[in-house]
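In the two complexes that follow, subunit A is the common piece, with subunit B as its partner first and subunit C second.
Right, the complex of A and B next:
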């Protein structure tokens, strides 16, 4: 079953994997300190960021260098909606995702109009820099300082109230929200839409001549990935309690690319594992100034040059070899 | 021939200053096999692209079942009943054979809507449809095979099955036997004949192999430097002086 398509694993097995990982993640606050719990939350958010990128790249063959703009859009939207407009958290998160999708529709309808491949990638990069500058020069968004001191809101349905600022409550909320997003992204892959996207990636001309409107499909997945990316970014605002223009910086756009390439764009779990591995690298090298970038660079170089399928590709090959014995 | 299915009138197409098609008029009748022949560079592939919507004509019109489709993009023409195979067979190389067909079957249901769902009742019929398509095109027990690993002849067969999954009214075949061995070529001719018989398909094809051309064609058009110099039955074309001169040579050794 390997290599047959984007994933290799069946839907049920992937749901099971997700459930197990979520279960383990819920134990994290019990065993690790506050700092590590914060990192664990960021890993969940970054996993969704990476998966959203790979919906474009691995599934549909659309390479975007500017995904950070949607991440930042989601983060700022939630910050503004919850702090300035005192909107409850869940509606704010949903609106942020919608906002990310709308922004992606705008960017995509311009960038996908006449360009493909690397030209499209460069256009997304240009748009992201535009958004970066826009944020850094808007008073409402705190210019270069961003918006700090964001308060984690309460979550309430009727008489049932949870204070997300208390204890590790917001961490659990992140695990739940990211779990749902990952489930949603995994579900997309198995729909006729997901299959059509794989077809578009593998041979756009053939797809067009099966009646699949190629540009429309690329735009649709770009919008969808923009929305899920914004949803991930939206979780950052209350979690880090600060949003800065750096979120839209091009270097943040490279993060999901690194996660994906490190562990394999052909595998659904590639970006997730990549987010874990790179976060671990950052953590281990956190006290050595500049070291984490160097380690990341060398790691990526080794993987891309010697393991074209990423770390998961290597694992898949070695298990196949085991099977043959 | 009962009624005209597709009608191209006064087609013009230029690449920069090079005029590739000049005033081409062509029809495909319902249930007809129409073969376009001509030397390399005559404009056959461009004609195909203009008819199927990959390129738009600079002048002239394409009508399908009376509807003007001249400016309609390729996928929209597919929804109307166009099917197309390519000179070098195009399949989805990393998908299994059956998933290649599934994509085609789903595309037919979903049409232009990317988020279009496939009703469950419809999806339940797909395994049977895949089975039937594989049988029709002579596939054996290869449905689980990755399309990219298939032999070239089988890839062509799969592409044909994918297009048949769309249940097209007219099929455009760009050199269906290019790059095939003699045995594969014969098998392809038999396949096309049986498909035509079973489904009453109309076909437009380009082809270089004269045995294939005369084996399949109800009507032949000859393209030369972007102009149609003759259209007629195989017999008429075989004895057309102008065609002999520019393309068939003496004709006899081909026919």
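Right, the complex of A and C next:
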């Protein structure tokens, strides 16, 4: 339970892993049908969602139960910017990430100042529900129906043009964009700032004593995680072609928590594997209503109660045992 | 705004308040004693409501008030038994685990509750007719006072009074309070702390099940009932000060009034006054209105 440092494989090896996974992911449309390609795209987006959450939880020891507000902020920002203002996709995505970061700065500067631990978790949940209600009651954002019929725009400079609506082009775009985001998140972990956050997680008091401004560091990572979460959410808008207030509901905030905890918050790749495993659970149980909640809940309980390292922790332990022999 | 409107709004806010208090009572009791913020409390409340629904269905027609109350008690007892199982399998193993993981573990329990409710009772909406005695409304002047609302208000007050009596005036109740204050010292004095914890969990869960039975006619049953009520109950116990029964009682009345009058003032934004109040209190007075400061 008390895993104090973030277990990665070293920056170079993680980049290699990412490159291999991206390479494999690019083959997906060749082998699987359209429905599964859609799910694969959602897994990439959710992996970034989970990794952003784990920047807070696994790296810095901050539990937020309201990350859905940033995810929804990114999705709605992109939807509005591309639909109402006809902005090209890439600037819209960047602006959405900035918007998510700004929202996180606003929420974080209030919430982190006043609360810690469980109180912070509940406070972020309350903030997210406020955002959820505001979205569901704003005419510009389509109230409870959300915004539908979002187009996947063209991408291009000058004569070089790609139509993202055609074929599986947008899937490839998601793989590329999420790859970049994952690289960025992995880079944050390795910076001196990321290492300072690990110290903050281990012992905030001692970290403060060593001259690390604990609150500023927590706020900074909250903003960064808000921005990457919003970037992930922004990709949902053109991918699903619809955004609804459900994106901001607190049950969506629990998704990255599930991904992370299931496979191990102490591992950089934990949330990624978690997103894959839970999507598989949802896919397999999709015909039996309630089964996915049941399986997810029981898996999570087993992990929290008896496998604190998550599935990756279990794997690591079993391989270590083999090494000894 | 006329007097009758105010009376109606007051009855609405008190109904909301007591319905929420009935759910929050067990939540705050378990938090105050075991220091576990139980996300799944709403789930067990929902299971209690569905049990009462099945019971009413088995009997058929509009239940008599006796059957209605009996159904609530059965739901309470059944959910208390579930609580013993949960205590044995999950809660006992959470001792010494970080708060964040405890919160997530109880969220996992909520998922299990929602999953089993969907598997057993399906996704369809269900409703239960209130007993004939509670159907309809009294007219006082121009004010409409639905009898079911008055019943819920009375139920909330009775449960509050019984709990306060139990915790302050009886020996086992004082034991619960003593352990909440200092489990280590209680252990030294020869109290079987583990047993009291188990009993408290059973009582907390019984309250959830009872609330489910008492409120079954007050709203439509659907698998979203759990999350809706657990957030309301969180708000109430946060405002009142976590772990305090009287705090939850006053907090629910305050939030009920804010919610009902806020909706009257801002009809376009249902639920917003509740979350605004909850956020503000958390920011300005995180220990709640009745809670003591941590240091």
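Quick notes
The rule we apply is simple: the second predicted complex is superposed on the first by the 320 of 325 C-alpha atoms of A that agree within 3 Å, B and C clash if a C-alpha of one lies under 4 Å from a C-alpha of the other, contacts with A are read in each partner's own complex, and residues count from 1 in each chain.
Note that a residue touches a chain if its C-beta (ideal position, glycine included) is under 8 Å from a C-beta of that chain, and two chains touch if they have at least 3 such contacts.
None of the values given here were measured: they were computed from a predicted structure.
Of the two partner chains, subunit B is the only one that A:216 touches; subunit C does not reach it. By the touch criterion stated above, A:10 is placed in contact with neither subunit B nor subunit C.
Of the two partner chains placed around the shared chain by superposition, neither subunit B nor subunit C is touched by A:35. Within the superposed three-chain model, A:156 lies out of touch with both subunit B and subunit C [touch as defined at top].
Once the two structures are overlaid, the count of subunit A residues touched is higher for C than for its counterpart among subunit B and subunit C. Once the two complexes are overlaid on the shared chain, A:205 sits against subunit B while remaining clear of subunit C. When the two complexes are laid over each other on chain A, subunit A has no residue in contact with both subunit B and subunit C.
Per the touch definition, subunit B reaches subunit A in the complex via residues 52, 54, 73-75, 78-79, 83-84, 86, 90-96, 99, 102-104, 106-112, 114-118, 146, 159, 162-163, 166. By the touch criterion given at the top, residues 1, 57, 63, 65, 110-111, 114-115, 117-119, 121-123, 125-127, 129-130, 133-134, 137, 250-251, 254, 257, 261, 288-298, 300-301, 304-306, 308 of subunit A touch subunit C in their complex.
By the touch criterion stated above, subunit A contacts subunit B in their complex at residues 3-5, 191-193, 195-196, 198-199, 202-203, 205-214, 216-217, 220.
For subunit C in complex with subunit A, the residues that touch the partner chain are 37, 89-90, 93-94, 97-101, 103-105, 107-119, 122-123, 223, 227, 231, 234-235, 238, 268-272, 275-276, 278-279, 282-283, 286.
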